Amino acid sequence: MEEIIKVENLCFEYEPGLQTISNISFQIHKGEYVAILGHNGSGKSTIAKLLIGLLEKKSGEIYIDDYQLNLENLYKIREKVGIIFQNPDNQFIGATVRDDIAFGLENICVPREQMDELINRYSKVVRMENFLDHEPTKLSGGQKQRVAIAGILAMSPSIIILDEATSMLDPRGRKEINELVRELKKQNNMTIISITHDIEEAKNADRVILLNKGEIVDCDKPQKILTNEKLLKELKLDIPFSLKIARKLQKKGYQIKDTLDVEELEKQLCQLRAKV
Amino acid sequence: MDNMTFGKYIPGNSIIHRLDPRLKICAVFIFLISVFFDAGFIGYGILAIYVLLCSLVSKIKLSHILKAIKPMVFMMLFLMIFNIFLMKTGDVIIKIGSISIYSGALLQTAYIFIRLVLIITLTTLMTSTTKPLELTLAIESLLNPLKRFHFPVHELAMMISIALRFIPDLLDEAKRIMKAQASRGADFNEGSFMEKIKSIISLIIPLFISAFQRAEELANAMESRNYNPEATRTKYKVLTWTHLDTLSMLITLGVCCGVIIMSFM
Amino acid sequence: MSITCQSLDHIYGYNTPFEYYALKNVNLKIEKGSFTAIIGQTGSGKSTLIQHINALLLPTSGEIKIDDYIISQNNKPQNLKSLRKKSGLVFQFPEYQLFEETIERDIMFGPMNFGIDEKRAKEIAKKSLEMVGLDQTYLEKSPFDLSGGQKRRVAIAGILAMDPDILVLDEPTAGLDPSGIKEMMDLFKKIHEMGKTVVLVTHDMNHVLEYCDNVVVMNDGQVEKAGKVKDIFLDSDYLLNLGIDLPLITNLIIQLNLKGYHIDTSINDIDALVEVIGGELHG
């Protein structure tokens, strides 16, 4: 598979001597959905800011789509990487939905005649086409995040970073965003990096990078990482609900396989019962 | 603060709503000048008719405009009382003890009252029929010639539009913090002077901290979407000047110049 | 202290073009000593309702009674301060209300506003900080040097320091990580066990199931249902219609029961559930 992000020996510190990110290396492939998982303060949001050059690394290298991240390539890289931040209010720049989507287009000098078409197309993708003239104060958190996604899609990036984009949303908003992201990955072969502490969200990823104290603890498929109960507990994280039940039943001596999926757990339990 | 409707944009589709914001700003500006020329009651009558026609065409409710005038009433009364007692032109009309009131003072006071009401009404009409963003665009467009003197017109316009975008959010935030501190027993209305100071500090500090955090997050969001104030950008919203705007401009100029000329006759 | 609402209405921006009905004819009783959840979609009026408990908002019509205090449009209680001392309100993201130089002084702000002398307030600060799980070494630190979760705990200590009888919490776990959430919820459980009335506004039905005894369902400014937690979750179709997800445990039980299991739907803890599943598998 083709590599789209390559990070080599990345280090960063907010204060001299206090390393926030220490010597991190990883690769992300084109079209991959990677979750960067860690508790608050593990350095996961710092990585996002380093990837789009909002923070300046101390040492190490970042390559995005073969471009090295440096001052010269900064704007080129930002065109390729879109990021959705945590707080829906503080990334809504325009006075209305329409203006907010246009903001990014203005920055990359899209001719005015093409803007309306792009705005219409991407507002439809995020299902906000009926809200184009709404002001942000009249939108819910989930709707604002969808607008942020449309604003980024319109700039046609190849990578989308979600920096705890759902952590301030209500369950409905969270569900909407998660569904939308999965759709984008499937239909547009978008590369997605989701920075989160939500285990249930990390389940959906192709690969999980587990982070603690600015270091990568593990990097593997969710089926591997999210079943490592001892490690997750140590890192102040939870394990998925279905796995909790499966493990407790295993301790009681029942033949239940580890699973991250509640429906799979139900299926197993029904089969077991049928045998009784 | 829930009743702060003054100056807020009220959606509509009247002719006034659709006029070019540049025209509206210019019209208000010209009107402001002409209102200070003393063309007697006939002159003010003409200006009042102009304002009245504008408000009728705009379909903005009279009650809304009255609400905008209300907060100014105190200031108006203050000015009027000062004028009545301090101006000493014309004939003495009333004499109470050592205080005399002159006819000229009464006339001037009436003028001041009329001027203020007319100005407030027209500016309220402008802000309630024009989206803040359009006003910003108009300011940017009107200031454009200053670019030649390296005046940061674009940056100024961006600053104004962001400020406008975040004013409601910051007001909400202030309200929220005030309530949170009130539930901790802070008293913003009563209490001793020292208590009040303490209460205000308990509002101001959190408000500043949150405003700075907002600013940082916003700057990050703008930068990550490739905003670069020095680079050239295309523009989504452009203003278009129509014949209707030219016509309105001519009417406004006619009325205002007429009044100014009358004042010299 | 019990809370009673009678035909409570609240309209924002009354008589302006921006008028908005936030609460419509709310009738409600929250019993003393209960742990009550208020649930409902964003915009259903939950936050507006709880602000009435502190007289931060006055009803447009109707009234709300908190023990002897009656709050209505024309009747802001004379002794507003003593009401606010008795009902502590923790806003969403309460870390934004911190403002003092040291954590100790910030926690003392509430008690001293209610007329407690400095010496006593210091003792209270120490005790409250301990209660939220931070030791004495934090007293002299600046609240702004803490992590997000710690800041929130200090802010909550600032409310607990007023020793309120009612503790009202507006989504207190929003934005915290799993371990932070668990610590926070256990703290509220402890406070409830001390005999306080706790009112919790939340979107997390797992918390409702695990911690609360009563639940109030709000929709479109109205109280649609109020009752025991186990009864409310029985009507799963109704909740799903409102866009409210079931707790993971309840959802699993319902799904298993559809496929032949017979599990009591009022089970609210994983170990009990595993026990019952085990029982069923033994036949």
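Letters A, B and C mark the chains in the order given here, with residues in each chain numbered from 1 onward.
Note that in this section a residue touches a chain if its C-beta (ideal position, glycine included) is under 8 Å from a C-beta of that chain, and two chains touch if they have at least 3 such contacts.
Computed from a predicted model, the values in this text were never measured in an experiment.
Trainee: Decide which interface, B-C or A-B, involves more C-beta pairs in contact, and give its chain pair.
Mentor: Higher contact count goes to A-B.
Trainee: Starting from the Cα centroid of chain C, hunt down the chain whose centroid lies farthest away.
Mentor: With centres defined by C-alpha atoms, farthest from chain C sits B.
Trainee: Taking each chain's centre as its mean C-alpha position, how far apart are chain A and chain C in Å?
Mentor: 30
Trainee: Distance from the CA centroid of chain A to that of chain B, rounded to the nearest Å?
Mentor: The computed centroid separation for chain A versus chain B comes out at 44 Å.
Trainee: Could you grab the centroid distance between chain B and chain C? Build each centroid from C-alpha atoms only and quote it in angstrom.
Mentor: Taking the average C-alpha coordinate of chain B and of chain C, the gap between them is 42 Å.
Trainee: Which positions of chain B touch chain C when the two form their complex?
Mentor: Listed in rising order, the residues are 2-3, 5, 8, 10, 61, 64, 67, 173, 176-177, 179-187, 195, 201-202, 205-206, 209-210.
Trainee: If we count contacts the way the header does, which residues on chain C are in touch with chain A in the complex?
Mentor: 41-43, 147-149, 174-180, 203-204, 243-245, 248, 251-252, 255-256, 259-261, 270-271, 273-274, 277-278, 280-283
Trainee: Using the touch definition up top, name the residues of chain A that touch chain B in the complex.
Mentor: 49, 52, 54, 75, 78-79, 81-83, 85, 87, 89-96, 98-99, 102-112, 115, 136-137, 151-152, 155
Trainee: So in the complex, the part of chain B that touches chain A is made up of which residues?
Mentor: Listed in rising order, the residues of chain B that touch chain A are 131-133, 161-162, 164-165, 168-169, 214, 217-218, 220-228, 231-238.
Trainee: Touching chain B in the complex: which residues of chain C?
Mentor: 12-13, 16-18, 51, 54, 56, 81, 84-85, 88-89, 91, 94, 96-99, 109-110, 113-114, 144, 158-159, 162
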